[in-house]
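Encoded as structure tokens, the structure appears first; notes follow it.
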Amino acid sequence: MKNERVTYIKGEYVPDSEAKIDYYDGGFQYGIVVTDAIRTFNYKPFKVDRHIDRLMRSLKVARIDPGMSRDELKGIALTLLEKNRHCFNPPHDDTWIFYNISSGRYFVYSEPGKTYPRQTVCVNLWPLEFRRHAKFYLTGCHVVTPSIRQMPPQCLDPKLKHRSRLSWVLAGHEAHEMDPEGFALALDLNGNVTETAGANFFIVKDGVLRTPPTDVTLAGISRETVLELAQQIGIPAEEKHFQIYDVYNAEEAFLTTTSFCILPTTKANGLTIGDGKPGKIALQLLNAWSETVGVNIVDQALRAAGLL
Amino acid sequence: MKNERVTYIKGEYVPDSEAKIDYYDGGFQYGIVVTDAIRTFNYKPFKVDRHIDRLMRSLKVARIDPGMSRDELKGIALTLLEKNRHCFNPPHDDTWIFYNISSGRYFVYSEPGKTYPRQTVCVNLWPLEFRRHAKFYLTGCHVVTPSIRQMPPQCLDPKLKHRSRLSWVLAGHEAHEMDPEGFALALDLNGNVTETAGANFFIVKDGVLRTPPTDVTLAGISRETVLELAQQIGIPAEEKHFQIYDVYNAEEAFLTTTSFCILPTTKANGLTIGDGKPGKIALQLLNAWSETVGVNIVDQALRAAGLL
Amino acid sequence: MKNERVTYIKGEYVPDSEAKIDYYDGGFQYGIVVTDAIRTFNYKPFKVDRHIDRLMRSLKVARIDPGMSRDELKGIALTLLEKNRHCFNPPHDDTWIFYNISSGRYFVYSEPGKTYPRQTVCVNLWPLEFRRHAKFYLTGCHVVTPSIRQMPPQCLDPKLKHRSRLSWVLAGHEAHEMDPEGFALALDLNGNVTETAGANFFIVKDGVLRTPPTDVTLAGISRETVLELAQQIGIPAEEKHFQIYDVYNAEEAFLTTTSFCILPTTKANGLTIGDGKPGKIALQLLNAWSETVGVNIVDQALRAAGLL
Amino acid sequence: MKNERVTYIKGEYVPDSEAKIDYYDGGFQYGIVVTDAIRTFNYKPFKVDRHIDRLMRSLKVARIDPGMSRDELKGIALTLLEKNRHCFNPPHDDTWIFYNISSGRYFVYSEPGKTYPRQTVCVNLWPLEFRRHAKFYLTGCHVVTPSIRQMPPQCLDPKLKHRSRLSWVLAGHEAHEMDPEGFALALDLNGNVTETAGANFFIVKDGVLRTPPTDVTLAGISRETVLELAQQIGIPAEEKHFQIYDVYNAEEAFLTTTSFCILPTTKANGLTIGDGKPGKIALQLLNAWSETVGVNIVDQALRAAGLL
Amino acid sequence: MKNERVTYIKGEYVPDSEAKIDYYDGGFQYGIVVTDAIRTFNYKPFKVDRHIDRLMRSLKVARIDPGMSRDELKGIALTLLEKNRHCFNPPHDDTWIFYNISSGRYFVYSEPGKTYPRQTVCVNLWPLEFRRHAKFYLTGCHVVTPSIRQMPPQCLDPKLKHRSRLSWVLAGHEAHEMDPEGFALALDLNGNVTETAGANFFIVKDGVLRTPPTDVTLAGISRETVLELAQQIGIPAEEKHFQIYDVYNAEEAFLTTTSFCILPTTKANGLTIGDGKPGKIALQLLNAWSETVGVNIVDQALRAAGLL
Amino acid sequence: MKNERVTYIKGEYVPDSEAKIDYYDGGFQYGIVVTDAIRTFNYKPFKVDRHIDRLMRSLKVARIDPGMSRDELKGIALTLLEKNRHCFNPPHDDTWIFYNISSGRYFVYSEPGKTYPRQTVCVNLWPLEFRRHAKFYLTGCHVVTPSIRQMPPQCLDPKLKHRSRLSWVLAGHEAHEMDPEGFALALDLNGNVTETAGANFFIVKDGVLRTPPTDVTLAGISRETVLELAQQIGIPAEEKHFQIYDVYNAEEAFLTTTSFCILPTTKANGLTIGDGKPGKIALQLLNAWSETVGVNIVDQALRAAGLL
């Protein structure tokens, strides 16, 4: 395949279409995979070190030894960017960099509690396909609260960025029944708002940014970036539990995630948030972020999606 | 590889060493895999229909369409048994039959809540390697209660037999720290005893069998078989919550699972259960089971492990 | 208004259109109302005494003294049936009898914890308008699980039949977003299935009826009737917690409530229950009930709704 | 009745003794009422806009469309003050202004989840009868913790100011058994202190004001006012969970609510708080509040109650 | 002291007034004491073996090695009965036999998790002083639900009969505030009724005995005796969770405990249970128990208390 | 015994070996003991007043009247220091001062809820035996999370410093099974990290000190001292919930308690914290503390333990 991407799987760089995992890998057999995802701006990876830091934390908690140093892990990403340069046309498009590191072969006869024998390190690029989400910069996206609850940290900590995510997927199905375009915004066991599958959540209330604490959500790097940008441009912010009542009555709301950075949210369970348009603070933060990275985040997405 | 087993992966029968999964499969990327496991006695599969029933239930809840009927699913197992006949020497050994059915390709750009496009059906045999567990028929195995709690059904129901099991694996690591041979017997959020990774748990108290209800455990087929055998030989039984106090003070305790059927348990958190030897009722049930299937379950395992 | 019904409000029989409540009544100001509802079959009230029993229990727990004996309370219903005889055409239609007994005037200056000064006893008839529900006898109705949870008994016991039901109403709005015809089937704080607003819920599994225990649901009189009928016709039944997994995988499911007795349920969160048609056991129970009361429950409803 | 107050009910200004609600109103039948209450100081309404803001939030969450703008809603209050001017003798007395807005007619055949057809907007004045509470400015009031727990937000959010309050009333009965003058200070499901029926709760510890966060309490306007006054006069304050241990060992404690503003609390479950007298900070805040509104809050109440 | 009782403390029989515990004993320093209590009927100990069984279970869970066999433990009780024969006048009075076995010296420098070095075995008699409770056979006793909750089994299992009971004592204080004669009937964290300090609780509903399961209560020997007697005289019984609603609406209720066997309960939180008199089934069970042991339990108590 | 310490028991100063408690004391019979512990530096008691304050709070909540003023209580400690001066060799060693105040005689016939009749005040010194813990200043200590959970405040508040601690002791046994030198670091019912038996817990994350709030832990005086010292030397600190994930990934961690002040922690559940050595901030805080009290805390301990 011409222009096919190259992907790193267990020590080798292979054409993406040949990227395969051993059927007996613990990633497939038990969901023992930790992950992290970085995006580029103008083909330069953003906050690589913060992502590698978090990946190392996930590996530690999951007791997976990647068999290489953090520099080596980072090096693979840089090599992949180089090898795949011809597949991208920055700044018109950009890419995601995914790490997926599993326990390696871990079948039923593996002894529980034993260190995993041979880890599986995979890294791949994936174009930021803006078609699906770009329109939400204009209209705002919707969230719905499924009846399925966020995993409590005493079962599996949401701070651990892993791939044992069937629960998220099932919550997504429920949300989809309610609103075909709705993201599932899970509540925790106490009824607090947490996150969606893969994105943190913020509201603005009396001009103050609020996002749930990391007891119940991933410590997102985009979430962290928003908190930093808010401080820079003088928007007060706090990490504090809130409930769906607060979402309904927020002045604005948005998701944060690696790919789309900040995605305005304009409906929750069918109720309009604020005036029903993407919020001013969300757009202000998107501008600040765009300036930081030298790419107009919204324009890039809209153009790629043919909306501009 | 001479005598290599044949495995079914997405419509094809391939040598086991070539069994591979697409890197972008939802099984690896999100843990979207449902599973079931059957064992043979004298190379005849045991309770196939009950297992296929449960597999169909899991598929339904996970909203995975296997793309084939239950008879077709069953047929693959029978075909595999035929194709791999030369790899086994019954009644001296026996095999497991594993189903692992994933969502198929399901990467980050998949739309949440959409039916998965192309499922991945995998079926494989795996010899019942008796070496690891056989000795426990003689000495009893140990259980320890980790601090990690069983997933509550409002997050991900333990009745759904899936492979998003990082939580189980981490609990296993904790248990291993406490007792290198200990199985992790997870408590639920209310402190009730539930199950280990892959096995149901029974105690005997005042001559009555007790096992946790399926609010907090898998509805195991081996569990069901034990309840049936108990009725046949006149041992009263009940499905009822109990706590670790009851395990410490049980007359006997045992695990049930597809591979070893019934595994006597003689220690919990370092305290001896009963007289510290495999229990009479456990052995009585193992005998009854052996008669039903025409294979002496314990002897087969001990011989295979070189312990008899 | 010709043919207008007569309604009992605080000691007087008034035309229904003149039935008014004091603005300062505790029923309007604090939701201090207990209630019960009886239906007639061929204009004869069904199980009046069981309903009055439950009403007395609710009054006791809510510490409302109705100011009259249970016979007097019952007498009002019988008088209303007599006074309103001309408004009904049995057996083609039938009526509900509602009791709503509030604390009486209870405004903000009332002293907390004091016995309420003057209770408000209201009793009214309301025709069983079959139009909305009759079709569900043919197609089955749908249930969806909202994110709002059932009130736990330590806050307000679901066994108390009261009218402080804003929570139910909000759950209904959520369900409506998901499925315009869906009834909200609330989960409790542990993720167990409970009831819908005003109806108990049953599933059939391996031929056994199962309904949640009254820890988390009203002890419905229709629920009790179904349990009695099941015993008479030899269908085993149990009161036991179950989860949405069990609903998805039930052979059949149904709601029970005073008005429609038994309403087959054929979908849950968009997944089809059983073969998607009203269940055999549901219909068998409806037949048995019809025989008991001498009215063909389904036919009456279908005819009234113009569906037969 | 001479000097009778005029009350607004569904579009009309009627004599208060004729204020009636339709028996079939959802407020009486299901507790579907949202509410807010404002008080006047020297017959001028205090923080009207903040109260109307909160009322609008409650209406939104309860999905009740009041059928009029916030200015129209506010206008009714102002008209009522004008029309009832002759019933009051400020600054010797003052009035409460209550909003109660229900779903309108909402009987059992209403379709769940449908927007309510015709809302019921009611607004009434009610003299601030100081007789019951004024003495507590001198002696302090008592709180007791009932066994009934505060409603969790995942069932019905305490931030929603509604009238489905049977739970509060029953907790009041329990408290009354323990201490005939005790206010029920409910704990949440985790054992944190929350609020009483209609009032927020503060303690002072090491000179710092502490009040529970709005996860478990109403976001009271008086609570907000106290936090503002504290900032003005330099008393540090925080919103943070605490337990009954902290109440027992507080230097002082007090309730805040629209009518009496700040009510010192001197006993909890029979144990004396601080030195058993109204606290210095409570009195300091009452002074500051009095200055802000130009009415000596305590003197007004004591005089009206004949205690000064 | 003439007629002074003899008490067994750490291997010695000493006059009761000289019974002392080392200040550094783990029983005083950490509450590490397990206990059991037996009563005599006509000076013969009742169900000694069942009590010793339970004591052995408690010792095991608390990891206290008593340093002697169960026969030796039993022997001490029998010896004490012999040595103290002159202090009692059966059948007019009877005695309690208490075991209190602590960890022995266990001060702060003891290494956590180490087996306790030297256990402290104490056994004492204590006359069944009927004065306090006898009247309740005639009038029924009262229960109140404190805000303090029963210890969950994942913190400290209520089946373990221990003496780390500050929580019970504090709940008793709360109950006493509410009703000076009230026993504290604690709810569990889910709002289920559990037990009082030292007594199990039963209700009668539709002629059926119901008592909470041992998830949340001690497996009382008197509770067990009541279940046995009920079976003998044909009263159906079940172990099942219930709530305070069920207590309010029970036909009758009673406590069971070693000393007074069965104590009718006639009030709960100020509400009258049944007709407010000791229940028929309670009295029937007391008769059956009296016959079994050859002592009229109620008459003995009433006479000793001067009430007959 | 020459050089024997003198101990205060119920009004008398007695040789330590004669310190005895009445067998019927509520401390032994029900665990009704509150406690506090002070340590000396160079034989001068540290923060006596803060400890007496907390002791008074504990006494109040436990409703124990010590029968003497706070100055009298303090006076006993000072007298004991004087009387025992000859047993110590400061600054080479130092002492603990323990208060243990029980309800006094409180046997089963005591009326529940009544004020305890005669309290038992005990005060004793105990040399700071450095042998057990001193090595941990060099290597760091280990923590493990047992399956037993921290007592929730609605059962028994961890802020109350009492001696009803069987739960702690059993958690210690579990921890000991996992790591013979491991301290049990209990999680609360929500999975948050709390404290060990007798010590508070801190982590350092991104240079910020974090310790759990007092909802779930004792308000330790050493914890308070660390927060004060941190402020003095410019280390930011916060009281905030965290989970075991955060412990695994902390830069450093330590325990704080009266005896050893700050004890570096280098392992959690077998995973190394930071670089596996006592943390820089921990040592910096130990230095600051040493300067404040004029004793080199670490050197004193190491010398006494023969490690320096």
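In this document, chain identifiers A, B, C, D, E and F correspond to the written order of the chains, with residue numbering beginning at 1 in each.
Keep this in mind: a residue touches a chain if its C-beta (ideal position, glycine included) is under 8 Å from a C-beta of that chain, and two chains touch if they have at least 3 such contacts.
What you see is a predicted model, and the numbers here were worked out from it, not measured in a lab.
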Inset, instruction - Would you pick out the chains that touch chain B and also touch chain E? - result: C, F
Inset, instruction - Weigh D-E against D-F on C-beta contact pairs and write down the one with more. - result: D-F
Inset, instruction - Working from the CA atoms, figure out how many degrees chain B turns to land on chain D, in steps of 5. - result: 180
Inset, instruction - Can you spot which option in B-F, B-E or D-E is basically B-C again, with over half of the contact pairs the same by residue number? - result: B-E
Inset, instruction - Report, in whole Å, the distance between the mean C-alpha point of chain A and the mean C-alpha point of chain E. - result: 57
Legend entry - Chain centre separation in whole Å, for chain F relative to chain E (CA means): 33
Inset, instruction - Starting from the mean Cα coordinates of chain A and chain F, work out the distance between those two points in Å. - result: 43
Inset, instruction - Indicate the residues of chain B shared as contacts by at least two other chains. - result: 61, 63, 147, 149, 152, 154-155, 160, 173-174, 177, 187, 189-191, 244
Legend entry - Touching pairs among all chains present in the structure: A-B, A-C, A-D, A-F, B-C, B-E, B-F, C-D, C-E, D-E, D-F, E-F
Inset, instruction - Within their complex, state which residues of chain F touch chain B. - result: 144-147, 149, 173-174, 177-179, 187, 189, 191, 244, 269-270
Inset, instruction - Write out the stretch or stretches of chain A touching chain B in their complex. - result: 7, 9, 19-33, 37, 61-63, 96, 98, 100, 102-103, 106-109, 111-114, 122, 124, 126, 129, 132, 147-152, 154-156, 160, 162-170, 172-177, 180, 182-184, 189, 197-198, 259
Legend entry - chain F-facing residues of chain D, complex: 187, 190-192, 240-246, 248-249, 271
Legend entry - Touch list for chain A against partner chain F, complex: 57, 60-61, 63, 152-155, 157, 159-160, 189-190, 213, 215
